[in-house]
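Each of the next two complexes has chain A plus one other chain: chain B in the first, chain C in the second.
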Partner chain A sequence: MRQPTAQWAQGPLIPVISVLVALLLGALFVLLSGNDPIAAYVALVRGAFGSPYDVTETLVTAIPLTLAGLSVAVAFRTGLFNIGAQGQLLVGALAAGAVGARFGDLPAILLLPMTVAAGVLAGAGYGAIAGWLKATRGVNEVITTIMLNYTVVFVMHWLLQNGPMTARNAFGTPASARIGDGAILPIIIPNELVPLSRLHAGLLLAIVAVVVFWFLLWRTSLGYELRAVGLGPRAAAQAGIDPARRMVLVMAIAGGFAGLAGMIQVSGVFHRVFDGFSAGFGFDAIAVALLGKNSPIGITLAAILFGAFQRGGTIMQSDANISSHLVEIVEAIVLFVIAAETIVRALAKRRGTPAEAL
Partner chain B sequence: MTIEMLLGAGVLAAMLRLATPILFAALGGVITERSGVTNIALEGCMLMGAFFAIFAADRTHSLGLAVAAGVLAGVFLAALHALASVTFRADQIVTGMALNILALGLTSYLNFEVYGLTGTPADLPTIPVLPIPGLSGLPLVGDVLGRQSALVWLAIVVTVLLQLYLFRTIPGLRLRAVGEHPRAADTVGINVYATRYLAVLASGGLAALGGVYLSMAVAGSFTDNMTGGRGFIGLAAMIFGRWTPIGALVASLIFGYGDALSVTLQGTSIGDVRIPVQLLSTIPYVLTIFAVAGFVGRSRMPAADGQPYESEGH
Partner chain C sequence: MKRVLALALISTFVIAACGGGASASPSPAASSAAATTTAPAAPAVKVGLVTDVGGLNDKSFNSLANQGRLDAEKDFKVTTSVTESKKQEDYVPNLTNYAQQSYDLVIGVGFLMTNSVWKVAKQFPNVKFAIIDGAPANDKGDTENLPNVANLFFKEQEAGYLVGVIAATMANDKVGKATHNTLCAMGGIPIPPVDRYIAGYQDAIKTIDPSATILNGYSNDFVDQAKGKEVGLNHISKNCDILFQVAGGSGLGYIKAATEKGVYAIGVDADQADVAPGTVITSALKRVNKAVYDTVKAVQGKAFKAGDNFFSAANDGVGYGKLDPVVPANAKAAADKALADIKSGKITPKDQLQVK
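Take a look at the complex of A and B:
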């Protein structure tokens, strides 16, 4: 199905080029707006990696980005576009917040697995809706997942503002009750090593999820079938794989990864759900998956890069007084260049380098 | 809860006000998707329109230039989408997402750099109310229609014109042909690329008008991400309205009515139960899912919607 492409356009080259182009255009933009791009990027890098604490903060952001990236990528591998990671993440967070608070008295050995299960299952169920509608009614999953993203936002407003999850003592931002101690993912960096670090055991869950993603897709027959459907649904159907049934399953798996991301934000970082809870990780995840070429290592590296952008951007705004929204501009250009990969391909073809199937 | 809250002039006037930005985005969606290009960057186009109209109003204090700047900013973003998706056949969903993020980043960045934490100035020109002669004096009708912005009327006029254009003129037929079967359209001599470019640019301008309405007629200022997903509700209205301008108008009014209710019913209860007004805001999305799934009539998208076209001459 893919077009033939020159050898040099394969592998990590396009992602690296797209990041470099985005950083260069971002610098140009900073310059045009009357600021010093070097100062901006120095502040950004220092903010992301300048001290052990900064590194752990970058990782804290990279964890949900990795998981949401896996969510988008597993769907991509099956030829589906999951724009719904954001909604699935929020549903997972709400379920984890509800279970973590409702059974708050239970010990961690019971409560933590329950909270993980709540987040994963809720996300999976929400993702499966889009898969089911695609399989049974032929509905484009892009439309359903966009609509489901917004639906959960307003359900969440209700739950947290004057619904069953609203905490009586929540002043200011509407929020749910604090989860029990048993539902909290512990900090894994000793205070003596990195004081006040927020790096939590969700890091381990994220690593497990990356391995599960790899194992599922490349070491199981189910994964083989999913990738076959992604590469060519018709050929896969010829080989006896039912694409429709796989769609429900893959969207549930995608939702499960995103739901886990939401659960980790509740159990590891905030210990409750509040309005405006997610910084759009589910949307950044699309860039993470594409930049990482839907591979386990690629997604992990892309998530760390975007985590560094976000953490560094905050520091850049406070230290160099340059709006942290620069990071969004850079991110958008990365995504745009990757999407317009055909430009690079077209250039490669013109150079007359030997073509080879991707 | 009273009948006044559900059907009073206040609610109906608010319905029209709240429907207008959704309608502009939906009309943009109709024209681009009818030509075969998906544009989920309508949200971004709206945001560009909202910011650059305020920015131009601040610099020039001219209402005309402000509206023009807003529309041009939306057209500019749409041009990037057309370049990537029509010329380079990039994935339209990915470029659309990229442009939404770009618009959010760009407008928030400039808002911070230009206006800092103080916000946009308060003394900007705003889009005037346009009383329709004869209407304003009528009872009830006057209360609903008498004090609506000029852009509300423009949105309704554009709806009618676009409906006539798409379904009653030859160029409109050609545009739909390009969206249904580009190869056949190409064979009979219709320029698929040019048609799609123009449709995408028009969608950016229309969506931007929705943003201009929000910042210049409703708020009189710009705040970060002030469109808050209305571009996506516009997309929903387009789908729920079955890819027609009149359908989009009806859908926008329904969605706008839901929004208006969620404001007036705030804090009211039936018996002892507080009405969960936030759930009213889910109506556009849930209805749209039901519509595309065929549970309430079937919405069908143009056959070649979202598929890049490559002319065989290449």
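Take a look at the complex of A and C:
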């Protein structure tokens, strides 16, 4: 059984190279469109890290990405593909928004843990559905999680457009009622230090989640079993581990991480649920998990990198007049190179060990 | 591995070589807030546009606003820039970015940004803001006008009325494929600007062709064309001959359904005659570009008006678009008369739906 540190040491070379290659190819695209790649990347870096305010903005995006990345990674570790992080995130957001508003008068000491619990448990329940379908009926979790993503999107339309969670407001866009003050994750950087910062206490929750992820997988017997199932389900079964039950549990845990991400977006950023908000985190999370090699530190760094890309991308548009799509191109190339490495490695394995199936 | 490294190194050299060349060429006239602009007398006015998640290529809302920005840049010699938002979390930082760089005017394109503009406008009282289709909304969800924010509203019901006149006249006279005397519309999400279009449309139909059957639906989306097409096919199966889309990108799917079944459609916001020639008989125009253009002009001329600003037939803020050859002369005449009557105040199109 490999220690997490050894795997990590092998890890960063390929992800780092893939990011560099992606940046180089991205620069090529910038050139081809007649713009200055140096100016583009200078703007990107300055937008992500140039001032304390920029750093806090990068972190605000990195927080839900980290959690969604943990969601995808914990499933990957067991050999499952959680493509449903986006849906689980939204379910967690809805639950948090509902609890935070319904019990809005309660003090923070009660309401905040309730809201966190609502987000995590709702996400966990939603993830468990896909896990259960796989365990009992063998339904591929890729299909179920993708379909469940759509399901929650439509349910959200119903809830927020003249439905049970709709709140009358002048926003001009469907939204739920505002959560109580006790459910809000406060801004943790004082205004005197970094004016206008949006960085909220969700950062602390994310750090705790990363530690929980690490502890769960490498310091508990459950974690050992999950990783064993991921490395070889038949061998694990022979060792007395029941893959089916583990599947439901792991998808629930995955859903819990993503649900927490959704809760944080409601409690820390918007203070209510807007129809269609937080688009894209669940899918970027897959890239984050892959880039971070499903390891706690890797995921955190990859999430910060993607947060930096997205925040820097804004400044790149306004300062260097580069299309917003360049950032997407770079992110896609990163994924491409990572996937290439995975394929190469899988091919090498197959050639090297003919009796792989135990 | 070695090959990857070699490739990377070669690419670096190529880019370094080209990069030197590229930076020598003049950078695009638009933004670069870092560079000071020429203007000898007063510093050039800086205008920033932040789109909503629909993106710049929606063929209506955002692209119209962008067009207005480009026209203003050309005519008024102002410095402008545009930022596309990818998710709702981006609105506040995108608006803040322009405000922090001391832009003179920051325009939020759309009703999705009412709360975000309120937040940022409060933090930057010396920067002027404008919201297209909205007024600032505070965290409680109530409208709260601010002295540095212009609310650019449109009387969409007037544009809807004009195209409704055209549609109803054709249905009355059973022109071309419009034989079933059934007319329909599809909105994206039932928000006020969308419903105002449809309300005006329905009002015109009930006035000119009271016996017509009116259908109404929503795709619940402003982007997904498949959903729009589904609603369209459903309406056509109920004999609808003229389909009025009020759903941005999703509405393009509604138009596709009309094309497929050989009936007619009406575009929205921008002139969408080119989207499906032969199918799109006209469009309900919302001159978002004019609103942006006029607001930039006002800021430059120090005539900025905070609070509600209305764009309607009276100031050419709305209208109807290019007519397909199948539209008969009497329909055009009726529409022109209606336009004149709206301008003079003789007709006030309803802004509430009669058929939900």
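We take it that the second predicted complex is superposed on the first by the 330 of 358 C-alpha atoms of A that agree within 3 Å, B and C clash if a C-alpha of one lies under 4 Å from a C-alpha of the other, contacts with A are read in each partner's own complex, and residues count from 1 in each chain.
Note that in this section a contact is a pair of C-beta atoms (placed from the backbone, for glycine too) under 8 Å apart; a residue touches a chain by one contact, two chains touch by 3 or more.
These numbers were taken from a predicted model, which means no experiment stands behind them.
When both complexes are superposed on chain A, chain B and chain C occupy overlapping space and clash.
Look at A:Gly163: by the touch rule set out above, it reaches chain B but stays clear of chain C.
By the document's definition of touching, of the two partners only chain C reaches A:Phe277; chain B does not. Once the two complexes are laid over each other on the shared chain, residue contacts for A:Gln310 go to chain C alone; chain B is not touched.
Once chain A of one complex is fitted onto chain A of the other, the partner contacts of A:Val155 are limited to chain B, with no touch recorded for chain C. By the touch criterion stated above, A:Thr220 is placed in contact with neither chain B nor chain C.
Contact with chain B, but none with chain C, is seen for A:Phe336 once the two complexes are overlaid on the shared chain. For the superposition on chain A, the stretches of chain C under consideration are 25-33, 151-159 or 259-267; the one running into chain B is 259-267.
Residue overlap on chain A between the chain B contacts of one complex and the chain C contacts of the other covers 34-35, 154, 157, 161-162. Contact residues of chain A toward chain B in the complex are 33-35, 81, 83, 133, 137, 139-140, 142-144, 146-148, 150-151, 153-155, 157-158, 161-163, 283, 286-287, 290, 323, 325-329, 331-333, 335-336, 338-343, 346. The part of chain A that touches chain C in the complex is made up of residues 17, 20-21, 24-25, 27-28, 31, 34-39, 53, 57, 60-61, 154, 157, 161-162, 167-175, 178, 196, 198, 265, 269-271, 274-281, 310-311, 314-315, 317-321, 324. In the complex of the two chains, the chain C residues touching chain A come out as 4, 7-8, 11-12, 15, 18-19, 22-23, 25, 27-28, 30-34, 48, 53, 81-84, 86-90, 92-94, 96-98, 100-101, 111-112, 114-115, 123, 133-135, 137, 139-143, 189-193, 220.
Against chain A, in their complex, chain B makes its touches with residues 38, 40, 80, 84, 88-91, 93-95, 97-99, 101-102, 104-106, 108-110, 112-113, 229, 232-233, 235-236, 239, 274, 276, 278-279, 281-282, 284-286, 288-289, 292-294, 301.
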